[in-house]
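Both of the next two complexes hold chain A, though its partner changes from chain B to chain C.
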Partner chain A sequence: MKTALSMLAATALAALSAQATTAQETLKIGVLQSYSGMTALGGTHTDMAIKLFQQKYGDTPGGFKLQLVRRDTTGPNPEVAKRLVGEVVTRERAQILIGPDFTPNTLAAAPILTEAKVPSFVTGAATTGIVGERSPYSARTFFATPQLCKPLAAYAVKQGWNKIFVVAADFAPGHECEKFFIAALKEANGTLAGNLRTPLSNPEYSGYIQRIRDAKPDAVFIFMPLGELSIGIVRAINDSGLKASGLKIMGTGDITDEGYVDAVGDAALGVITTGIYSTQHKSALNEEFVKGFMQLGEGKHRVGWSAVSAWDAMRIMYDALESMKGQKFDPDKFKAFVYGHKFESPRGPVQIDKSNGDIIQNVYIRRVERVNGVLHNVEIETIPNVPFK
Partner chain B sequence: MAAILTVLFNGVAYGFLLFVMSVGLSVSLGMMNFVNLAQASFSMLGGYIFVTALQGYGIPFMLCLPIVFFAVAIVSVVLERLIFRYFYKTDDLTQVLLTIGLVFMSIAMATYVWGGTYQRFDMPAWIIGQKDVFGLTLETYRIFLVGFGAVMAVTLIFGLERTNLGAMVRACVDNRRVATACGLNTELIFAFTFAIGGGLAGLGGALSANLLGLDPNFPLRYLVYILIVVSIGGMGTITGTLVASLALGIADVMGKYYVPQFGSFIIYLLTVIVMLWRPHGLMGRGA
Partner chain C sequence: MSATEAASQAAAPHEAGRDYFASLARWKVWEILFWATLAGCYFFPDIDRMLMSRVIIWGLFAMSLDVLLGYRGIPSLGHAVFFGVGAYVAGFLGKFGWTEPISGLFFAMFVAGALGLVMGKLVQRVTGVGLLMVTLGLNLIVFDFVLRSTELTGGDDGLQGIVIAPVLNYFRFDIWGRTAFWYAFVVAFVLFVVTRMLLKSPFGLALIGARENPRRMLTLGAPVEGDVSRAFMIAAALAGAAGALLTQTTQTAAPTYLSFQRSADVLVILIIGGAGRLYGGFIGAIVFILLQDYVSALSPVYWYFWIGLLLVIIVSFFRKGLLPSVEQLYDRLRSRKSAGPPG
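Coming up: the complex of A and B.
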């Protein structure tokens, strides 16, 4: 009985390996994003970008047959992310990951990915130092906080806005961004008019705004997480009359994110932000990308940064797999290709750092303007090749 | 001096915002003794009906408000007949579980119908911007909110609390059997009160959504504030809700101005103090 079983197993194994040599190698790609809850839009847009990419470039780069394995991280939930990463890596045998999203999830995934040698693309976490040493097989296609938090200090001083008030949401990324901005402001010889940390659950800004008013700054720099806090503060500053009296509103792209700039409404007009991507970016690739995305979403979705990050992750992955054509998948070779890779993204030229895997990219200073009746972040200045530190 | 008065006014305005948001729950929880967390969902529904009427159909702002009130009142009375009325006699925990479940369902439904993004509000020109009042520059919408909230409070206190209807509702809640025996149509009274509670919640949503941002997560985001106001004010009293709203509003805005490093901590500190001092709320009747 025992021998019969082992013989059966042996023939099955032989059949399997025979099949493997003749057919393409199937490669499972884990896609770990938020598909439910408050942050579900990120997952939706990631999926749309992947679909759009595969419509154009197919699903067999370099002869590898790709199979997507989707999992819902449900938002910044490290324990969920850790379990899901473990599952797709050990049970599903996924060999490349897109995600997980958010810094805590990325950190939770790092030890598993490192041990299993699974390359991943960080498409939705911005904290510094979470790729590279922490996760030597990961590459970032999103952005690193300093890229967005530093450049506006010098820009503002150049415009003659010397006294700047800083408002940051009271959580780790907020503290980090505040630190980077204030340091850059010092370097640019600007003056800090004051700074405030506002709570993460905050329906009312008027007390804070009165403080800004008292400090009489030329401009205010805002860092808020995506969502109602961003909408709330820009609208509150506008409603208070501070904007009309000449206060300039600046911030990271979060405050005028394409996902809800319509909800901010006219209050957003003239707001200056730093961003890695604008739908208005002038390039043939971007025009095609935006058009395709709008068609796919039937015009209901505006392209956001998570879509571009996912698109770029696909771009790098396809380039790397093409380079391995005819060979077996090897994570170290994959990594060697990805680290140091340069390519053209819908956002502009992008480079993955050779030693660290973090992203080097152009940062754009944008101003909210009405283009054909719709509010857009229009790029007014380009700061080329901004490092991730 | 101008700064202090402006901050005070903004606090009052925020207080009235809290009042219009929580008065619906105050009616259903306070008067009917029914823990209906889904009031927050009624607020969200009110916000969505408001934005649909205002943006989609171009109905004037002031006309949108009664439309929202009656539409949400009708929806809530339908739900009352279908679901809620079977749970009046159950314990608090059952009611909490039932209604929080409904909140989650409402989030999914709102995402399905209106999408996951934030809604856009184009408010009429007369209500945006600032006005100079006694040398202070005040936000027009906040002035409107104070006026509207004050009228609403007076109407409710005299129309719902100090009337036969109010007495009938309390009679029904306190002892339903005796109330029925006295010839009161308890079913009708409950349904009617529930509808008013729902309509008010909807109105609160309509008035606050453009300030707070409206997306499907609206109910969960603001439920805590609504509960704080109602429990500080005390069950069964609209006056209490009003007092609590104003106290919290002023404390919150003042706190953020004078001690910004404590942020919104003030509101929770105040809650704890009041709850220790008066467990049934400022003007609660007790159990």
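Coming up: the complex of A and C.
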């Protein structure tokens, strides 16, 4: 009797809660980023961007009540990332993920996301072939390595800088970038003056600078990871007098990232880089975004790429959820909306590829200049709709 | 009649020794309870089985260090090398078509053990700080090699394309961690039993003897140096098994598996649990990994701070580690009880 009663009560409760879900379904969003260690800035910026977005657009897109579940991936650590993704998906029952960041983490998460049909946004990994190829529900709002590594080859040749020296950090993304740049240089009929791979843990560049000097190139193309190494090499080239003697410095946006371009100082002036986003991008949306971000961070943070990537992930997610208004959440419908979606981002127009969820976006050639006394990456040329391959 | 009596008398000292080792090797109630509870975790309704399998793997890894540090008194700051080698061997096997997990595990243990033997031969005459330096150096060299040889290991991105077949051709590694849990549990348990047998034998006693007084052991004619390399081999093989387990249950292998951070973490885990107890590693892993998971979910940004604080507290209140402190308390309570008036 007692059991029958409790069963009845349970059914009643279940019916009630079912009714509640049709009114407003709670949707858990897993946010897996690095919040600790050397790479913690990415997580901080992601959080700020999400907060800024929700301040403006609320937290119930399409009637879905969003609930964020944050976890710390601790950096490129696939073991941790895989377990956290498993936990967030199986126990917390998150239905959409933002992250995990870094290529190894993204790859480790892919089998789980595929099996559990959880759409995810890749906001912090740039290696080619890791989005739809690995997990059919993922989309990328960051960038793909070739987008940044290829365009400068043709640009340099056009400027009459034919002999180019390539310096890349000796790790997997460095090798990939080097490969793309050299291939693009060949295509543009430029000459490779030489190439170097520098260790990740040796900030002493004088020996390498001498080899660049001996090769007498017109320009040098640099790929370094974000952080100390980027600061070090730009300053080393400047201090050696090579820059004063007319050598052009080029590279991916990492070497003059807004986060530390002040630390590079005047050595960075005139450096040409490729980038997907600059705070100086001229658009109303960007102005508003930068202003909001500065207010939120009380001026302590300059907007980084991870912030823009997270903002765009939120943008797509909200648009997709709005389109599912009044229905139950369905990963296949979500994916169908996201793949092929076009929208305006603070960085400019962005499109998610229809076949594999990778990103197609404008790439900007920028030059470091002083704007109102502060070093900025000023966009000087736009290469529209650069593919991800 | 008298002939058999004489024979039994001659055997008596041997028998006494055998009795001693038999009493050492006898399973205590709390040991059985420990393993039963660990296995029982699986049936707990809201348990994260992936996390529990990770706890077991770290426990096994810390136990492998215990063989060196706890039983032989050799501190090693490069123990993650063996873990990483085991992980990458299992990963390479899975990548290049040898997907059967159990044989892969044995092969990984074999390679790690062989490396351990070589390492042991290298360091068997080194002691103290020198030993720390050599093991640390080896760790850095191997870590750098794995990180830099991107064509071979995938470098920073980790080893890609690891495929692991279902265990016994039936139990697939699923996202719920069901197979991962039992696979890790059974492997860890079997290896624990084997290690326990080894350490409760004359070999184990000789290790402890050499830890306490190597000169005395030499005068007794014990092969002290040879024992160092053998202990290294056993510890390395166990660490390799832990690494292989992690690779097989998660299908990932990355340079972090053999980073110095991991060597330090496993040392911390062992110290928290208590060295020289065999169970110290498992207890430490349960505390450390669960705490890490709990605190990092509670406060994703500042969790390292809390972990650090808790570590300081644990170490300052339980000087010798959790397990020895509990043991001490238990002994004290018992002696008070027996000293009290009968009745």
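Rule of thumb we're sticking to: the second predicted complex is superposed on the first by the 368 of 389 C-alpha atoms of A that agree within 3 Å, B and C clash if a C-alpha of one lies under 4 Å from a C-alpha of the other, contacts with A are read in each partner's own complex, and residues count from 1 in each chain.
Here is the rule we go by: contacts are C-beta pairs under 8 Å (C-beta built on N, C-alpha and C of every residue); 3 or more make two chains touch, one makes a residue touch a chain.
As the structure is a prediction and not an experimental result, all values here were calculated from the model.
Superposition of the two structures on chain A leaves chain B and chain C fitting side by side, clash-free.
By the touch criterion defined above, A:Ile231 reaches chain B but does not reach chain C. After overlaying the two complexes on the shared chain, residue contacts for A:Ala263 are found with chain B alone; chain C is out of touch.
In the superposed model, A:Ser240 lies in contact with chain B only, and not with chain C.
In the superposition on chain A, A:Gln210 makes contact with chain B only, while chain C stays out of contact range.
Remark: in the superposition on chain A the angle formed at chain A by the CA centres of chain B and chain C amounts to 60 degrees, rounded in steps of 10.
By the document's definition of touching, of the two partners only chain C reaches A:Pro104; chain B does not. Using the contact criterion defined above for the overlaid structures, shared-chain residue A:Lys117 touches neither chain B nor chain C, since it reaches no partner. In the superposed model, A:Lys333 makes contact with neither chain B nor chain C.
Look at A:Arg71: by the touch rule set out above, it reaches chain C but stays clear of chain B. Contacts of A:Lys300 after superposition on the shared chain: chain B is touched, whereas chain C is not. After superposing the two complexes on chain A, the shortest C-alpha to C-alpha distance between chain B and chain C comes to 6 Å.
In the superposition on chain A, the residues of chain A contacted by chain B and by chain C overlap at 40, 44, 170, 199.
For chain C in complex with chain A, the residues that touch the partner chain are 46, 48, 50-51, 54, 147-148, 150, 154-158, 160, 174-177, 246, 250-252, 254, 256-257, 296-297, 300-301, 303-304. Only residues 38, 40-41, 44, 170, 196-199, 201-208, 210-211, 213-214, 227-228, 231-232, 235, 239-241, 244, 259-260, 262-263, 265, 300 of chain A touch chain B when the two sit together in their complex.
Residue ranges of chain B in contact with chain A, taken from their complex: 3, 6-7, 10-11, 13-14, 17, 111, 115-122, 128-130, 137, 139, 141, 211-215, 217, 221-222, 224-225, 249, 252-257, 260-261, 263-265. Here chain A touches chain C in the complex through residues 35-37, 40, 43-44, 70-72, 76-79, 82-83, 86-87, 89-91, 103-104, 107-108, 111-112, 115-116, 127, 170-173, 175, 199-200, going by the rule given at the top.
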